[in-house]
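Below, chain A partners chain B and then partners chain C, in two separate complexes.
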Partner chain A sequence: MLRRILGLTSGRIAVGILAAVALLAVFGPLLAPQDPLAGSTDILASPSARHLLGTDYLGRDVLSRLLAGSRLSVLGAVQVTLMALVVGVVPGILSVYLGRGFEWVTLRLADTLIALPFLVFAVAVTALLGNGIPQAMFTVGIMVSPLFFRVSRAATLSVARSPYVEAAVISGASIAWIVRRHLWAKVLPPIAIALANTAGVGFVVVSSLTFLGIGVRPPAPTWGGVLASDLGYLSYRPWAPLAPTVLIMATVWACNLLADAVRDVSGEAGRALLHTRTIRGRLAAAGRDA
Partner chain B sequence: MSADPTRPVLDVTGLDVYYRRRHGRLHALRAATLSVAPGETVGVIGETGSGKSTLARAVLGLVRPSAGRIVVAGEDVTGHSARRWRALRRRGVLQYVFQDPLRSLDPDLSVAESLVEPLLIAGRARAEAAERVRAQLARVHLDAALSSRLPGELSGGQRQRVAVARALVTDPELVILDEPVSALDSANRVRALELLKQLRDAGTALLFISHDLGSVAGVADRIAVLYQGEIVEVGPARSIVNKPRHPYTRLLVGSAPTLRSAAADRARRDALRELLHA
Partner chain C sequence: MTIPETIRKGTTMTIARRTRWAAALGAALALVLAGCATDAGSSGGAPTLRWAVALPAHWDPVVSGSGAQFRILSLAYASLTEIDEAGKAVPGLAQGWDYNAAGDEVTFHLRPNLTFTDGEPLDAEAVKRYLERAKTQQNSALFGDLTSIKEVTTRGELDVVVRLTQVDYQIPLLLGQRVAQITSPKAAQDPAKLDQSPVGAGPFVVTENVPGSHVYLAKNPDYWNAANVHIDRVELHAAPDAATVVSSVQTGVYDLAYLEPTQVKPAKAAGLDVVFQPGFNASNISINVNKKPFDNPKIVDAVRYAVNRQEFVDKVTFGYGKATDQPFPPGYIAYDEQSANRYPYDPERARALLAEAGYAPGQIKLDLVVPAQSTAAEIVESQLGAVGIGVAIKVDPNWSTPFFAKDLTLSLYGTTGRESPVQTLTAHFGPNGPLNLSTPYEPDGFAEAVSLARRTPLESPDYARNLQAATRAGLASRALVFTYSQPNILVKSTKLSALPAIPGQLHWAGVKVTP
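For the complex of A and B:
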């Protein structure tokens, strides 16, 4: 699968950006040139040799804050998506197979989650489980899981009643076999697309929860947090939100690009696409030889 | 093929199947009784909604009967749990060929991948399975070069042969074919029927379900006629065609186009229909 994704230009770009983001998440805090938490009297400064991206309203170095915040931001987004995946996709697929009772319960649970006001739920979870980043990500993951539940359930339903799945059943296939062999390739593309969206939402939500005092606690830097504080001082430094925005946008865009690449290489359409590319390549090669 | 040549591969007695509908329930099969001997080809004919497919689905364990008994290859499957059904299916004694070959093949799997699936599910080794797949392709007259193609890249006739080959890879004792030729054009239909005759001669028992008496009559040893969920007549193919007893069978035989005058045919059919609904 990965090799096929890397065969596409969009796939190569997406994987490249995401790899860079992953490196940032691992090494970013070590690369920060200054203490991301140390304030100075030099507030809202323009870029200079000392502060490459200027300073914020407390005189903290923005570049250092962005680098130091990348781990929390990326980890947060990954946690949200994984949570949504486990809580949404797995029951979504199983709701088609595990009988009417399970189906009914999961469908009603999904309805309930959709109807639940997000902030009330977040506050309730914090009251119950205490404050912390995992708790906040758990909350957000649960709140977006109905999307994954619906998407995977719809895709599963469209495949589960098809004659070729029935043919596998008649040959004695287990549910695990059917999911692996027949379902996965059809369910994956829509899920990948929902996943890319959620990763984007994850970045923003990590920091938007901060103002409630849930999740990331204020002095700790995140991409979204830097963006939020920059937005408050637009009249002084109108260009400032650009840096965190570019980071968030590039990551989200790469996620979307990757989702598109996954859709393009999996399933029937993907094979056809690769097939045409191969033929076109061969024709081009033949043209060169002639 | 089977261990005991006198034991029927399929024995259905007094089978009743209901479908739940919004208003009441639909009696799809009434006290159906039918048996298939090893190597025998039995045709089941009837019109749409007569219960042909229900009979097949009940035998395959996809529909639960409310009464009656089903014995497949000597094993009473009537009350089988999902787990025991799976164990029986993995032995590969019973296979099914769908009406629509395109929809019964996974569009994302190549011919070889589709064919090898029943063997892998049965737990065979990959190399041995691939060897058997090659042999089956030859048996249904498909070029080995087609094995890397996707179903969408095959013609209708080729697809149906792939579907038949998939049913045969496990060396089943009984193959149920649901309208195997109705989606094919007439040239391919003739070739498919030839293929079924070869299977019959090779000793595989076939349950051939169709609405078309013409395609069944040439292949089947015996024919069962289903009418409104009931098996109204069973007998050797020749006597069903030449001496039909039940009015519905006579109507079916009479519906085949003949060289006599159309008006006379129509009058005869009208008379039979009246008899049937009386």
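For the complex of A and C:
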């Protein structure tokens, strides 16, 4: 699928940005030119050779804080996504097979979770369980999981009622075999789309919470935290919010772009579209050669 | 050339449609403008003060306590005494007072014909009942301030006799706006209702209170100094985010607001009046010596030497404050010059003290519990971390409960001070002082030094010396490390006349708002 995604311009852009963000998450703290926690007397300084993005209200290098803050922001988004995936997909598939009782309970639970405002709920849970990203992201992951539940359940339902699955059931195939043999291939593409979308949501949520000072202990840097602290000093550094904003925006945009690309290349229509593009490309190349 | 009928008709219809749209748009605009006009002139052109401020959670002064909210409550309540620009006690509801020869009894003489806004008489009995309520009500936040008062009696309708547990010449300062905002005894029969619907005898009376949104007040014609109140209406609005305060005042949404030091520069650039009001503010690092590792005096000393106060002044107050190592700003009568810079910034010495105490760098790990994320907390974390004391900032929105229960090990506090310097000292260093995180710890010699300061008449030539000696004795406390002092900073529109420079308080007599 990755090859097909990279065949699309939007897919290449999305993967490029997300790869860069992943690199920042892994190597960001090492790339930071200065100690992101070390203050100085040079507060709210403008960009200079020493501080490429200036300094904050305690004289800390903003570039270093953004680089060092990448890991926490990315890990938070990943945690939301994985939590939602695990909590949503498994019951989503099982709700089709485990009888009416389980179906009714899971559907009502999903309805309930959808009705709750997850950001507010995350704030409440961190107040109860302690102010930490894992607690907040655990909560948000559960709140977002109905998306995966519904997507996986819809895909499972469409496959479960197909003649070849019914034939397999009549032939005495186990549910595990049916899921492994017939279901995964059909369920995975929509889940992949939901996964990319949820990663984007995760970035927004983690940035929002850290913007509010929730989920992270100061002075630990995060993208949202850097943005929040910049807003208090707009009269001194009006351009300062640009850097964290662009980072957050580009990452979320890349996630959404990736979701679109996955949607475009998955399924029969996607494969046909890609096939047509490939043929057109070959014809164009042949024309140039001639 | 004739215009075909259909075209003329179409043109006419288009013009008619445009006219209708224009009329509708004009009507909508008029409505919006009318709405704005109604809002701006809701007081019918009367001088109105719009003040953006943190709205009080409690309107009963007994429950609200002697913290900063007394400034808002003073709109609705009048106090027994007031202070002047020099910080001296001057008449309020009481037009005078006399001490007995022994100094353990003071009689306050009330002004005649005072009434509360519910029509009840404000007489000696009302004052007596207020002070007794402040001493005995279960949720009173003032009882700790009134330990000097043994008994309150009345003599006739206008004299309130306050008998003291000890000789104490601070009582007229004590019974000012922070502690003695007198409430209607009739309204106080239902303390829960009074806490949301104030009934006092202040310059204004609350006409509408929507918690978390706004409070409207109208001038009280029966206020004892009503002739000097030139504002007819006050609108309190929940304070906006600090970053938007300047634009809010600049655009006329508010006339007055507290200002963060970071916003002084843009406020001045916007042509607004920035008021640096004198006060008694002082911030500190609160330490619990009853808990490890602060039961070891060397660790406390390490903290004392680790603190670079100038960094607080530069980064928290943006240069508008002063470094202080006492619960008062430098220059105040109780500020003790002899104690100044007793523990200068010396990180090397701090590290050596930690080593002497047997701790390796990073071995001590503490939670710094604060009510909200703050620059000061980050500075403390950084400065203590630099000498090897690991500090993790823990934001607890319910911080006040463990703080005042003395359950925390390390915290931050900023006092707005007290009119009575002795009250400030006992609040910080006394065995049951609310700001003493190490209760019942009290530094040696403090009780005696404070007692002497209490016993010294305010006009005595020994007063300043005895007061400073009490400060010196208090500063031996290992429970507090003072860091910086900052004035109260307000921004006001040019419509509002100058505010009286009463230290730590806001007085409205003489203040005018140009409509």
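A few points about this structure:
Heads up, the rule we're going with is that the second predicted complex is superposed on the first by the 213 of 290 C-alpha atoms of A that agree within 3 Å, B and C clash if a C-alpha of one lies under 4 Å from a C-alpha of the other, contacts with A are read in each partner's own complex, and residues count from 1 in each chain.
Note that a residue touches a chain if its C-beta (ideal position, glycine included) is under 8 Å from a C-beta of that chain, and two chains touch if they have at least 3 such contacts.
Being a predicted model, the structure only gives us computed values, none of them experimental.
Legend: residue contacts after superposition of the two complexes on their common chain; A:Leu58 is shown touching chain C, with no touch to chain B.
Of the two partner chains placed by the overlay, only chain C lies in contact with A:Ile43; chain B stays clear of it. Judged by the touch definition given at the top, the superposed model places A:Arg217 against chain C, while chain B stays out of reach.
Within the superposed three-chain model, A:Asn131 lies in touch with chain C and out of touch with chain B [touch as defined at top].
In the overlay built on the shared chain, the residue A:Gly172 is in contact with chain B alone; chain C does not reach it. Legend: residue contacts after superposition of the two complexes on their common chain; A:Leu231 is shown touching chain C, with no touch to chain B.
Chain C meets chain A in the complex at residues 242-243, 246, 260, 262-263, 265-266, 269, 311, 314-315, 372-373, 375, 377-379, 381-382, 392-395, 397.
Taken together, the chain B residues at the contact with chain A in this complex read 60, 62, 85-92, 94-96, 98, 100, 103-109, 114, 117-118, 121-122, 150, 152, 166, 170.
Interface residues of chain A facing chain B in the complex, by the touch rule stated above, are 162-164, 166-174, 177, 181-182, 185-186, 266-268, 271.
Partner chain C is touched in their complex by these residues of chain A: 37, 39, 41, 43, 57-59, 127, 131, 213, 217-219, 231-236.
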